[in-house]
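First the structure, in the form of structure tokens, and then the observations on it.
Chain IDs A, B and C follow the sequence of writing; residue 1 opens each chain.
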Amino acid sequence: MSTALLDATGLSVRFGGVRALDGLDLHVGEGEVIGLIGPNGSGKTTFFNTLTGFVFPADGRVTFAGEDITALPAREVAKRGIARTFQRLRLLLELSVFDNLMLGQHLSLDHGVWANIVARGGLRRSLEKQRETARALLRYFSDSLPDRLSEPAGSLTMIDRRRVEVCRALIRDPKLLLLDEPSAGMTPDETRELMQDLQSVKAERPALAVVLIEHDMEVIESVSHRCVVLDYGRKLCEGSYSEVSQDPAVRRAYLGVEDE
Amino acid sequence: MDLALLAQHALNGAMLGVIYALVAVGFTLFFGVLDVIKFSHGDVVMLGAFTGLATSIGLSSAFGSVPPWIAVIVITLTAVAAMALVGALMAKFLVLPLHKAPTLNVLLITLMAGTVIRESVRLFYPQGSNPKPFPRLLPDGAVNLGRLTLRFDSAILLAIGVIAIVGVHLLITRTRLGLAIRAVAQDPETASAMGIPFQATVLATFALGSGLAALAGVVNGLYYSEVNFSMGLLLGAIGFSAAVIGGLGNVYGAILGGFIFAALQTIGAVALPIASAYKDVFAFGAVIALMAWKPAGLLAERSAERV
Amino acid sequence: MRTPSILPALFATVATAAAVVLLLLADQEWEVATMAGVAVAVLLGGMRLGWGETVHRSATAHRRIVTPVTWLAGAVAIFLLREHNFELLMLCTVMIFMIAGLGLTVQFGYAGVVNFAAAAFMGIGAYTTAVLMNSTALPHPVVILLSGLVSAVIGSVLLLPLLRTRGHYAALITIAFGILFRTFLEVNDALGGPQGLKVPGLELFGHAFNDAIEINDDVEWSFYLNYAAGALVVLFLAYELVRRIERSWMGLALDAVRLDETAASAFGLNGAAWKITAFSIGNFLAGVAGSLYATITAFIAPASFTFSDSLILVSIVILGGLGNPLGLLPAALVVVVLPEKLQVIQEYRFLLFAILVIAILLLRPGGLIPRRAREYPE
């Protein structure tokens, strides 16, 4: 097992009487890509929300790069280097593609009064640099997107929005990237394309760890080093794709439906 | 303080509480079905009172002297029906079109609609900018129970208010309309999937809430024997505060909130030796503090942010 | 692409300044009505023909020239009115409402923080100015700054409930605050009660603003010229401040708070801190506007800072185009000057503005001049 980056132990979350997570353990090593699968309502998104400080567990602990982040709110978690996408896209549709990417860059920007209001030379230089960064990142995913920086995100097609959202999460070079069902609403071809692009980004960032929630088993098979199957907020099983897909409990609970 | 005086204050407080509860129920119903606050609600209360006043003037000029109890019934029914219509129209043409727009727009449009109502009454009702005497239609007498004086009119108004509140309770729990309102409040999408017409339910809810507002306006007019064009602002703010105290969306919370606010005001007026202008300062100050402490009200469950 | 010509921008600027002067000088109701009609026609026709776009492109391409020309045109407009007391006073009122409107732009337009007590915050600034001028010898520019600061600090009392609630609840809090503020003024004898306070005239480096300017024996310029010039300077500073906020990383952060605070927090944005910033900046500007208002009118009373006045300020911001400081000028002209000039509508003005805002919200939610995408400095 590689160096521990993220360690979740015994995570439990309750909404009213429902157990959304029930004693979940997950270990993510540096540079690892993990596929997180499980039927709807099995707690995948809740798990992401717990890691990123949107939901607080009733029980259990999360450590990230050796630090206990269980009780940290979302903005503090972001500072530690965890970035995420949302299952229902949450781009700021009225704002430009560039502005959306710069939200991802928020923690690296100078928000001081001096630079922004009084002497704006620094702001100009920073803008120039950030536009370059944004274009370079978008170029991994599309040839046309780098030229559309100033267009409102709301004018993009679904797949381009997805790409921008992924770039927004990537732009600050996080240590851990959480992708919440990036293929939702896309065709299988588009999904495959997005995954290939992601892999070329990943190839240049060997230390970047990724946890991917995905329903498409082919995607899981092609990109993930390891699979974790959730059911009723619990870990049903864990292992390589072939191990997991052979597991009788998994086939009963989940894959049986998907294989057909 | 002796017991009789205390009872007297309690009685007055209960009277206020009924009025506030009637207003608050409207706020909470609108919030339940549409997640909006209709800031014009207080002005609908005022318009209801003025409709009642105009009706009574119309009645006496058309038929000479009318038996007071008939007048009360006609006035009340006219005001309630007219405001129910106004409420439904506002929902249809102002609130529903902005349903998907930012919260701010809905808030503004209802605030402005309230201004339109207020200003229209001020400008177009004859001498609308002055306070108007409201006819005393209820019997004048009183019974003395020891040193406690129970005015007949108060007793009747209290009864009307309580009957209305019980009526709302029955309507919400026992009728098809009540079921539809509860379903839409619970989850509009599922409700429409199950064949409950969304728009019709919303309109009916606004009609119901606004009708109750008219009733509150008439009761208020009969109780104080005076109405004025700007009374809606304060009554609206109080009604909203009452709904918030109880937790928005909860009908019983709103009724409870109405009585709690009346109690706060009565305590402010009685227990604190200060000018009566401060009783509202006290009550509103308490509400602001309450919202800082429990932002979603006393009875509301804490809802998690949807991520 | 060819650089657009500078002419459309210059023409729009000069035409606007000329229209303002003509509107203020018009003394026949039919003249005012005609001008209002022409303005509406220009607006509607311009929308069809894309004039706004042409002017915008021209202004953007030549910003270094057009911006100073615009402010110069404002100064010239004021100078042209130098002998007209009442008209200058009206222009001052327009500028004061614009300064307060800039504050609301930061609050409503950028951060999405509601404030239905803008008039109350103006009142705090006005009363602070009255008290400081009457009882201390502080230099008057310092008094104006302090008035803004006091307004921002008192506003922070509302921050705790405001940060913990959202949307409609927050609106109620500010409405309640507005009602409380007025009640407080009316019962407070130290602040003059319902009768209010007198405010002395401004003084700057020994120059008394309340003295008329004598050019020679025959010609005397209105003392309001002093105030109009002063208000223009403050308006310029406030406008630059708000524009620069919008066109910087700060503006982006504020927009993110308004549009999706939850998503923004996933990228490390501290929503509460940005809301506090926006609320304080807005109340500061409202306080400064109130301070100017106090010195210009020389007299303040609780009745000038009511809930209806707060609604008027919000109407200006919505009417002009939420989040676009440029829209404040036409909106403030409509709200301040039109009722003065058209006595017919004076009495009905609250009603008319309310109907106007409802119409705008239903038909053209972007306002007269809708906000444009952020333009960072080049």
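The rule is simple: a residue touches a chain if its C-beta (ideal position, glycine included) is under 8 Å from a C-beta of that chain, and two chains touch if they have at least 3 such contacts.
What you are looking at is a predicted structure, and each value in this text was computed from that prediction instead of being measured.
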Geometric centre: closest chain by C-alpha means: C
Far-end chain from chain C, centres as C-alpha averages: A
Intercentroid distance (Cα basis), chain B paired with chain A, Å: 49
Distance from the mean Cα position of chain C to that of chain B, given in whole angstrom: 36
Inter-chain centre distance, chain A versus chain C - centres from mean C-alpha coordinates, in Å: 43
Contacts with 2+ other chains: residues of chain B: 305, 307
Sequence positions of chain C contacting 2 or more other chains: 262
Per-residue multi-chain contacts in chain A, two or more chains: 54, 86
Chain C residues within the chain A interface of the complex: 241, 244-245, 248-250, 252-253, 255-256, 259-260, 262-270, 373-374, 376-378
For the chain B and chain C complex, residues of the former touching the latter: 31, 36-37, 39, 94, 97-98, 101-105, 107-109, 111-113, 115-116, 119-120, 123, 233-234, 237, 240-241, 244, 275, 277-278, 280-281, 284-285, 287-289, 291-292, 295, 305, 307
Interfacial residue positions of chain C with respect to chain B in the complex: 108, 112, 114, 116, 158, 160-161, 164-169, 171-173, 175-177, 179-180, 183-184, 186-187, 262, 307-308, 311, 314-315, 318, 347-348, 350-351, 353-355, 357-358, 361-362, 365
Residue ranges of chain A touching chain C (in the complex, touch as defined): 52, 54, 73-76, 78-79, 83-84, 86, 90, 92, 94-96, 99, 102-107, 109-111, 115-117, 120, 123-124, 126-127, 150, 152, 168, 172
